[in-house]
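Next, two complexes with chain A in common: one pairs it with chain B, the other with chain C.
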Partner chain A sequence: MADNADHIDGDDNEDVRAQQNLIKIKLKSSEGGIYECGLTAAKMSDLVKNMVESLGTDAVVTTEPIILGNEAVTDAALKKIIEWVEFHWDDPPVDHDFEDEKDRRNEELSHWDKQFIDVDDQALLFDVIAAANYMDIKGLVEVGAKHICSKIRGKSCQEVREMLKITNDFTAEEEDAIHKENAWIYAKD
Partner chain B sequence: MNPKTETFQKIILNSNLILKIFSYLEIHELIPLERVCKQFQKCVNYCCEQQKTLSFNSFITFDQNLPNNDVIPFLYAFPIKYLAIHSNRNPCLIGSKERILWLAQKLPNIEFLSISHFETNFKTLYEILKAFESIEFLSICGIKHFNDQEMRQLGQLLSGRIIKLLVDCHYEHISNEIELIPEMTRLIKLNIFLNERQQISVQFQTSDQHTARHRSSPSMATQLKFITLNACPPVLSANHKAGDQREEQKEIREMTSRRRDTYQLNVNYLRQCFGNKSNEELMLYLVNGKHWDELDLKLRFYIVSQLEQYVCQSHFKSYQILPFGSSIAGLGTPNSDLDLVLVPKVSGGQMSREEDRVKLKTHLNLIADLLQYSIPFYSHFSRILRARIPIVKFGFDLAPIDIDLSIELSAHSVHSGVYMSAFLNYCVGLNPCVRDLILLLRQWAKQHKLLKPKNWSTHMVYNGFTSFQLTALVLYFLQKQKIVPPMRQFLTPSSQAFIPCATQTSTLDLLAQFFELVLTLKFDWEAISILNGTTYTTPDPSLPIWMENPFETELNMCRNIQAVKFDKFLETIQQSLGIMKHKDYALIDIFDKDMIMNSLNNGYKPSRIDVEGLFD
Partner chain C sequence: MSDSMDASTLSQTSVVQKLTKMPNKSYNLRRRVGDSASKAGRHSSPAVSRTTIDDLPDDCLLDIFEKLDTIQDKCALQRVNKRFYFLVNRLLKAQKTFTVGSTFGDNNEQMLTQRICRTIIKRCPNLETFKMPGFYTKTSTNTLEERIGDKEMFSLGRKCKELRELDICGCGNVTERGINYIADVCPKLEKLSISFCLQVSGASLQKLTKNFRTLSINTNDMTPPLVDCLKSLSKGDGKHITELNVCAYNELNSQENILQMICTEFQCLRTLRYSIVSKDLVKYGLFGSLRNLRELVFDCNALNLSDHEMLNIMMGCKDLKSIFIRYEHGKDHNTLTDYSLRKLPLFCPNLVKFNFQSKETGLGVTDTTIESFSQLKHLEFLGFRNFDNI
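Up next, the complex of A and B:
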């Protein structure tokens, strides 16, 4: 990890991060909406971070908004994403030496994240996750993925299809064949 | 792709995202999803093909040697509830053969396989091991009733594939697992768990004979680079740490029983060992098995003196290093962190808080640099300077000890941890049940994931109990029982000396009483003070728990604890207490993670927390 080095001795960086977050940059969704976001917060997106670094901070601040062209980045999704990064920009970076990946995988989401991601509008939820994936915001993708996992865990295939609005593209015979093979491992049905 | 028509199809279209979502599910949760749609099937199969580790009923934790980039990081434990179970609660391979063979087909790239404590016959095991075609590392525990010839056959089967082998023989009295070793021509690493010195020599004699007469021996001798002999933690009898010097082979002895990991108890295994023994015996095992010996103490002393030599003879001449924390309090386990604080021998001038912090951080940085670059055997440095109490964390390479170092700049405010440890040490000395109760509770809490994991990322706020906070709660209970004095009496010795109540209550009864006390406390408006051994009106009723910090009485020691975790804590206590109230309960049940399930099977009726009662 290239960016590991700059958080080891944190203090100067923390101040810089806080100051930088006062600088606002503009992000433009694929639907054309333009939203302001703190620089440090926006840099949680590796996509934005790379752009800012290659263009130079000054250029980004003074010129045109950064265009996020992917169709998933709708106005509503971008607003959600900015809400998330503005809340989380202050998160201390993860120390890989001391982290136990297995624990992190199983760790529950924080209360704030749970409320944040539990949106009724499924289209928006998928947009947020897809957009976060496009913008390369690892933390938010994790939040979204864990949320979906918690919803599909232990559900039957039909329930999963209904929940995620997936059409079944197997023929009945194909489906039976799979089912016969591994019926013993199914949670339900 | 048309963005507007099918919004929902987006997630379906992007397999990359599906894989990311799937990465948080276990294999047995993924397989049923195969039937959802073709794309899911493809993604599930992809995950299955990537999976490299698999374990059945294994309780040995491996912290190294595991393949990288695994789908399920570290060891994927296949739940034994999907397997046929023999009447002795072990999985039965004969009954689950078809499932396992199917699994072997489903997960074609398993490199690391671990199987423990199972019932089988030779043919079944042979076929199963044959089915996992790509395994390179096999860990096997508890093969029994095979004759030497069958063992050699197994060895021949595995010989082309296995390069690392871990055999655990301490569990069965007869074991001829060693017979399969000479057959394995590609073996480069071998771990053997034993518990009797005698057994080792016997087994290595066999091994030597084979080496001498077997035709594949030359290649084995050159390829086999590591033999690890491990002494297991004492189970039923005292054991010896055994070592065997073989000159022609490089040999590394790991201290397996004292590894960095904080693996949980294998409840099934303990059930077998302690099936017909009393709860007291199990308690003694849990408490003493965890307690440290002289070696642990000496190691820590060595580290402190070495650090003091380096740090305090150069830049910090007027300072000394004081240890504190559980290792000093008499509550150490071989895994305990070593908490150190650098304090000045004479008091310096008063400084403002801000100056203080800056200086403190500079000093810590300096020390960390010094240790990191000029002193051998210390690594994994991590500087946590932003915390309320800035510390440097690092590891000692020669033994699995993590060290936390902080600094106190003025001698006036000698580190509260030092006093706290002294108080704890005093309490432990008052009555042996103090130590037993605290260690037992820590084990219990760890088992139910109520304690801060040891390798918790230092950058993240932990929102549950730390072991110190749990200990403080126990202290309050013991103060109520008049077994230990209020802390104030210890800090300012008064005329009225504390006379400890000569209690005859057993530790297990104390445990039940402790659970009861916690459930009756009204955390909504009672704050706990271990300084006075009393409760008082809580300063902030919105917090789930308030424990007065004995050194800064306006602060809450438990301010990190959030309601979610605290409720889980209360619920687990309720369930455990429900089990303990049962007339002839087995102590092991309260350590069982699936406690509720078991309590139902055995006829325990765990009652819900009486919420109304809490608000009366």
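Up next, the complex of A and C:
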């Protein structure tokens, strides 16, 4: 994979990454807002990374804003996302030898990430996750997913509905059927 | 206040979505409203945005749902709405691994009951790995009859034909019948752990197929009976296993020399983790027959391992990559010295890890050994604990 070139751990490479992050590129939200972001940070988004690479020279990249057309990329969401990538761009690359998928899944969020993602405005939270998904920023989707997970954990279906403001769209018959599906679990032998 | 208002408008939009069956389109509509608002004054846009979890694409939701590891949470999610129901169902159907229950039941939600076990089996027919360390805990909720038993083994065998790995450590109600059934109907089984299965005699282990690779048994007071289990395993195709983990905690009171039996019966072993407390002197002479051995763990209180025997092991198992030896040095027992250890690089040139721990100070091992280890090209880890002469 071409990715791997970026993941080679070395002082040289880190310097290049730091240097590149001094280059500011412009990102444009679906609402029209234009925001600056370091190049290395912005490339944490695979979408942006591919766009930048297809555009070629840095000169073009720094003048024209990159348009993120998906509706989820609101001004507020984009601001949040830039805050996240600007904080995380110099994270060490994931070492697949030492942590497997499952370990990473169970890993707690860092304190910074927790504070970052714990926003009061649920619409913003889902905008950020949907936008991060659209922009292909795996780390951030992961953070959002873990956050929502921690809220769902241990709750009943009614509590989940209330928390996430979801309407129950099952008919009474369907609900009965699902209950029956589960009924045998409760039955004693 | 604004919350409840939000909720009512929200439920309307999602109703619209469901009615039109075009969630994306209604999403666009809503967003356009937000757009016009943002032209008037961009800062008001977050208040107008009404994105809910329902606006996330499927793969995003699946990302979230799969992180919930208890079946209770997943079942609760299923009942939230239709979309959740189908997504969670898709996840469960695809799920290949389930680990449930904690060995030490500090977390009640994670504790394994028959109910949970059966739900998992019913919902996840494609399970390949099922680990349920149903270690009975001190909490009153998990009484004797609630422990995982044969009934669960039967339904597991009926549903999950693809099963490759099963860990029923401490599932006290499983008897030989349960194991027998699994051995009969799950021919793909590769790994089995029957540690602390108090009612298992081991007789059906001889039915295991040639796919079987790894057996783990920890026993306490000889239940399950380690010697019998190994004997019946060696009678069938199970004798070709490549990994064996045995551990007996209480003083082993057996006439059999277990190590000797392992060496003669299971010659394909690549990994042997041997941790047995025994007064008997162990005979290592046959150890050389385990020619495929890659990883060796000896963790015993009194390991009667002399230089001569260590040399035998080294000469026989030339492919060893990892050695871990730990013992509390008993007075009457032999111990290792430079004499054998400095020859290790000669016989086992591929060694990657070497870890040697001894409770009482090992007098016989000095810097000479360490110096000779410099010839090991692949060595990545070297550990000596409690050695004064190094």
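The working rule: the second predicted complex is superposed on the first by the 172 of 189 C-alpha atoms of A that agree within 3 Å, B and C clash if a C-alpha of one lies under 4 Å from a C-alpha of the other, contacts with A are read in each partner's own complex, and residues count from 1 in each chain.
Keep in mind that, in the parts below, a contact is a pair of C-beta atoms (placed from the backbone, for glycine too) under 8 Å apart; a residue touches a chain by one contact, two chains touch by 3 or more.
What you are looking at is a predicted structure, and each value in this text was computed from that prediction instead of being measured.
Model built by superposing both complexes on chain A: chain B and chain C clash. Legend: residue contacts after superposition of the two complexes on their common chain; A:Lys146 is shown touching both chain B and chain C. By the touch criterion defined above, A:Glu83 reaches neither chain B nor chain C. Of the two partner chains placed around the shared chain by superposition, chain C is the only one that A:Gly33 touches, whereas chain B remains out of contact.
Judged by the touch definition given at the top, the superposed model places A:His111 against chain B, while chain C stays out of reach. In the superposition on chain A, contact is made by A:Asp75 with chain C only, not with chain B.
In the superposed model, A:Leu164 makes contact with both chain B and chain C. Within the superposed three-chain model, A:Asp136 lies out of touch with both chain B and chain C [touch as defined at top]. Here chain B runs into chain C after the superposition, and of 134-142, 350-358, 440-448 or 494-502 the stretch doing so is 134-142. Where the contact sets of chain A with chain B and with chain C meet, they give residues 30, 71-72, 105, 122-123, 126-127, 129-130, 133, 141-142, 144-146, 148-149, 152-154, 156-157, 160-161, 164-170, 175, 178, 182, 184-186. The part of chain A that touches chain C in the complex is made up of residues 30-33, 71-72, 74-76, 105, 121-124, 126-127, 129-130, 133, 141-142, 144-146, 148-149, 152-157, 160-161, 164-170, 174-175, 178, 182, 184-186, 189.
Within the complex, the chain C residues that touch chain A are 6-7, 10-11, 14-15, 18, 27-28, 31, 34-35, 38-39, 42, 45-46, 49-57, 59-60, 63-64, 67-68, 70, 73, 75-82, 84-85, 109, 115, 118-119, 122, 151. Contact residues of chain B toward chain A in the complex are 1, 3, 7-8, 10-12, 14, 16-17, 20-21, 23-25, 28-29, 31-38, 40-41, 73-74, 82, 99, 102, 106, 361, 365, 380, 382-383, 385-386, 393, 453, 455-460, 562, 564.
Here chain A touches chain B in the complex through residues 8-11, 14, 30, 71-72, 92-95, 97-105, 108, 111, 122-123, 126-127, 129-130, 133, 141-142, 144-146, 148-149, 152-154, 156-157, 160-161, 164-170, 175, 178-179, 181-182, 184-187, going by the rule given at the top.
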